[in-house]
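Look for chain A in each of the two complexes below; its partner is chain B in the first and chain C in the second.
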Partner chain A sequence: MKIIYFIVQQTMTFSIPLLIVALGGMFSERSGVVNIALEGIMVFGAFTSILFINQMQDTMQGQLLLILAIAVAAVSGMLISLLHAYASIHMKADQVISGTAINMLTPAVAIYVARMIQQIQQIGFVNTFRIVSVPLLGNIPVLGPLFFQNTYLTTYLGFAILIVSALVLYRTRFGLRLRACGEHPQAADSVGINVYKMRYAGVLISGLLAGIGGLVFVIPTSTNFNATVAGYGFLALAVLIFGQWKPGRILLAAFFFGLMQAIASAYSGIPFLAGLGIPNYFYRMTPFIATLVVLTFTSKKSRAPKAAGVPYDKSAR
Partner chain B sequence: MKKFLVVLLALALVLPLAACGPKDDEPGNGEPKEEGYELALVTDIGTIDDKSFNQGAWEGLKKYAEEHGITHKYYQPQDKTTAAYLDAIDLAVQGGAKLVVCPGFLFEGAIYEAQDLYPDVKFIILDGVPHAGDYTPVVKDNVYSVFYAEEQAGFLAGYAAVKDGYTKLGFMGGMAVPAVIRFGYGFVQGAEYAAEEMGISSIELNYHYTGGFDSTPEAKTTAASWYNAGIEVIFACGGAMGNSVMRAAEEAGTAVIGVDVDQSGESDTVITSAMKQLAISVYDGIAAYYAGNFPGGQSVTLDAKVQGVGLPMESSKFKTFTQEDYDAIFAKLVDGSITLLKDTDADDPTQLGTEIVKVNYVE
Partner chain C sequence: MKKRPLNLNFLSSLFAICVGLLFGYVILLISNPAQAGDGFGTILTGAFRDMRSVGRVLYFATPIILTGLSVCFAFKTGLFNIGASGQLIVGAYLAVLVGNKGAALGGAHWVVALLAAIAGGALWALIPGLLKALANVHEVIASIMMNYIGMYLVNYLVVQTVFDQLRNQSLPVAASAVIPRWGLDKIFPRSNVNAGFFIAVLAAVTMYVILYKTKFGFELKAVGYNRDASRYAGINEKRNIVLSMVIAGALAGLGGGLLYLAGTGKHIEVVNHLAPEGFTGIPVALLGLSHPIGILFAGLFIGYLTVGGDYLQLYDFAPEIIDVILAAIIYFSAFALIIRTFIQRRAIRTGGGGAK
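Up next is the complex of A and B:
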């Protein structure tokens, strides 16, 4: 049982950032703007918030600092995504190009600014955010060790974001309009919805979530931030596609990817898995092969938003 | 008019190129060289503050330059290719460099060409020897190639860990490049040596190359799973990857051994570091150059004899392993009574012939 608890706890390290960032990507793409800048936005969100923690950790610690850092990450993620929004919505630029530009820009900015402030590019931080056991809930048998021990506040934030995202997308007027703009913006416009506004909203939400995702990714992973999120922004894109742009499926996809990564990384410390003799390449490959297979079989009725990637032109009918 | 403009443009492009050519004939061009940067360093993968290779080399260069008031500068290549390294070296030479320090074996190809291109410029290459791609060393008189006996540094780390009471060890390397392999093999042999000395019957040692030098959740989870399975200390030998191991150790309340430079400042979990004295060897190389006896044309391996490797005992957090223990084992490395197997002597860590240390090689 102890091993199962361990695997579940480790899976969270992988899955929660993927979940949050993929949900961010979902809002952007559902509004009709392809956002491959997720990686860059993650880097930027992580950069500003880790810098914030680095500067503030002498005066405060623990969950309060974490919550403030999350706010910093969210705001900075929104700001950087504004660039993408402006280029791809206002200027009708190619959305892939502007996304790539952000991916290249943000690590450079992070290194440059970190050097200016503290001479070195790695931003160190002390991890005071880990929750060894949630009071009361951590003592529940089975469920306690599974979900409420050796965890982070951000894990619950991830699930909260999932629930709110699903509600916003399917149960609100805003969500309906957003989806309409991603499917058929001309039709949406014809009934008086401001497509530009909705798309700005979609991209900004994706920036907010990807920024948070960057912070969530870095905290349990390293003792410093070194201007990279190791390609997890792109992995989140794969999760988004594997999850067919739907919150529930994104959750499944994120946990499938996370579980596979956790097993591939941890199997050498688990006697049962080490004894099976399956090379870890197998575990590493599985999520990607599964994505390819699923895409192959579902491509006919793939539910990608129809207008994703197409700049909205009012005059084109 | 249009034609005239085209001709003008073409001339504008060609003229600076021509000016670049025969520099030595023009006395006027000597002047900026005087104002340039005499000592230069070209960085390898990673940056000048990687808390590892580049930084160690740069510190040595900077120390000498500042003590003696010499201009110095570092250059970062655009890419991780021989062509890009060569460009950066060219830039350094154009910038007035008389001596260029290149940390890392990736420079082997670039130095091979640069040593002929710039016969008047001296080069110090760390962890590598110039060759044309066929691994036949060609060291010209203006090149000083420095290797380190990483297996001795790893040996000291493994010895100290077992002596300090750890019996379940781990080794996580970045990639299986020669320097990392030597660290790992030395670590295994050090553990074996200490166990034999102490009469311990069995030592467990997990051995793994993560495949990268970055901080990733994968590296962290691997480390966490080892700690979870009872491993007490992991020798993290792979740049920023080590920071992920430290994070895992912080969560598990266990220990880490750092690499290359003294990493005790990175995390409280770092009990010691298997150090290469990069700064000292670069400093000494530069000092020799200015003293007029640049050790060019040779490839040396700096080992315990010349204090090329070691553990930072003053910042180490050992419980029972003392300075005297360290001095005793270090002396044995110096006088050559301990000989170690290197990267070329065994195909994988299970073939090192250890009897007490059970190597669990995770591929």
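Up next is the complex of A and C:
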């Protein structure tokens, strides 16, 4: 039983950032802008917020500092995503190239700034954010150890973001318009929807969530930030595709991918899996291979937003 | 298809470079105003300090010319090869494997190791190529997945076959697998440059001939311009998509072979980090205007910036500023199309511009 608790807790650690970032990617792509810059935005969000924690941790600790850091990550993620939005919406640039530029830019900026401030590129922080057991809820048998012990505030934030995202996308006028811009921007424009504005909104939301996702990824998995989020932005992109651009399926995909990561990093401590003798590289590869397989069977009738990746040109209506 | 004048393309590349450099200068100014001028001067002139520095430019340029060619070649068929990183590392692994185990090959050892690298890269690009042609899987997404699969697979295989446990990296290759220097070490003392640079030049010329002087190249470009029209014209567009990816992968794989057989103490490290040379191929291809000969110069240019950036540490600047500048250059070359149309429109409005 203890092992199951451990695996579930580990899976949460890895799944939640994937969930948050993939939901961010969903908003961007459903508005019609492909966002392969998720990785770079995560790096930037993690960088600014960990630097913030690094500077502030002498004056405050715990959940208050974490909440402020989340705000810093969100704002900086939005700012950096503005670059992508401007290039791909206003300048009608190639969205893959613009995304690649951001993926190259942010790790370089993070290393450069860190080295100029403190000589080394790793930014250390003290983890005062872990919740050993949520009051009351942590004492519930079975469910307590599964979901309310050894956890982080960010886990619940992740679920909150999921619920809000699903509501916004399917139950609000904004969500309907956003989806229209990703499927058929000309039609959306013809009924008076400002396609540019909706796409800016989509990309900025993806920046906000990816920025938060960067911080959420780094805090439980490390004690310093070394200008990388280990490919989690690209993994989130895979989650988005595996989840077929739908919030509910994205949740399942995030858990599947998170479980694979959890097994890869902890399998030697689990007798059953250690006995199988499968090297951890294969668990790490599985999500990427699974995504390729899913793509192979779904791409002919892809559920991807129809206009994703195509700059909207008003004059070409 | 209207042909864009080359000088406009060149101008937009130049614009991206200038804005990127300016951006870098501003960052230097913000971080240390007193040293910024000297630091920026070093970026621009560092590569010409001595013959060793010039040799290092050639050494740094070699692999990124090949990944640049790789990105360019796929681009001509309308495919964006973001998977050069994975193709490069798979090629590098096979090169290192042959380099370790094939000492019996004698004088041909390094050639066979490079051929293995080419095969590895080609194989790694074959998969996204086939997926694109047969199942319509977007090559960008498939290549991103292949990058990570390749990285983990190579990490695993290195540990299984050619592992230096002490240093957590691949074992050094046999002396016969190291690419010969062909006298370059005499011209550029202590600089690591080797015959690999000539191979890169040869690859660029070969790609130029294939793309511009053969029927096959014409077909590839036709598929890139318009898939439907080329199918209508009797071109087997699926076959061309697969071949284009395979050749692109072969180039990236060759780049990996040249990088890890250079005998410079570079080994495949078992870390969860994608090979950066694959991504540098993207700015090389963009700045080189997707033309093989342009890419040769773009690779040299980025090598030149890298060497200059190395000397920045003398002025207490972190050399990562070069990556920042490169990223800015890619970002602005993404605008290039807009800039081109802007210049063209202006030329028309002012009545200038001459023949188009």
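Odds and ends about this structure:
Here is the rule we go by: the second predicted complex is superposed on the first by the 309 of 317 C-alpha atoms of A that agree within 3 Å, B and C clash if a C-alpha of one lies under 4 Å from a C-alpha of the other, contacts with A are read in each partner's own complex, and residues count from 1 in each chain.
What we mean here is this: a residue touches a chain if its C-beta (ideal position, glycine included) is under 8 Å from a C-beta of that chain, and two chains touch if they have at least 3 such contacts.
Everything numeric in this text was worked out from a predicted model, so none of it was measured.
Superposition model on chain A: chain B and chain C are shown in a clashing arrangement. Contacts of A:Tyr156 after superposition on the shared chain: neither chain B nor chain C is touched.
In the superposed model, more residues of chain A are touched by C than by the other of chain B and chain C. With both structures placed on the common chain, the touch criterion links A:Ser222 to chain B but leaves chain C unconnected. Contacts of A:Ala262 after superposition: chain B is touched, whereas chain C is not reached.
In the superposition on chain A, A:Ile102 makes contact with chain C only, not with chain B.
Of the two partner chains placed by the overlay, only chain C lies in contact with A:Ala87; chain B stays clear of it.
Judged by the touch definition given at the top, the superposed model places A:Tyr196 against neither chain B nor chain C. The superposed model built on chain A shows that, among 261-269, 279-287 or 297-305, the segment of chain C colliding with chain B is 261-269. Residues 111, 121, 228, 230, 279 of chain A contact both chain B in one complex and chain C in the other.
Residues 27, 31-32, 80, 82, 127, 131, 135-138, 140-142, 144-149, 152-153, 155-156, 272-274, 279, 282, 286, 317-318, 320-321, 323-324, 326-328, 330-331, 333-335, 337-338 of chain C touch chain A in their complex.
The part of chain A that touches chain C in the complex is made up of residues 36, 83, 87, 91-94, 96-98, 100-105, 107-109, 111-112, 115-116, 121, 228, 230-231, 234-235, 237-238, 241, 279, 281-282, 284-285, 288-289, 291-292, 295-297, 299-300, 302. Listed in rising order, the residues of chain B touching chain A in the complex are 47, 49, 51, 206, 208, 214-222, 224-229, 231, 240, 243-244, 246-247, 250-251, 266-267, 360, 362-363. By the touch rule above, chain A contacts chain B in their complex via residues 6, 10, 13-14, 111, 119-122, 124, 127, 130, 150, 217, 220-224, 226, 228, 230, 232, 261-262, 264-271, 274, 279-280.
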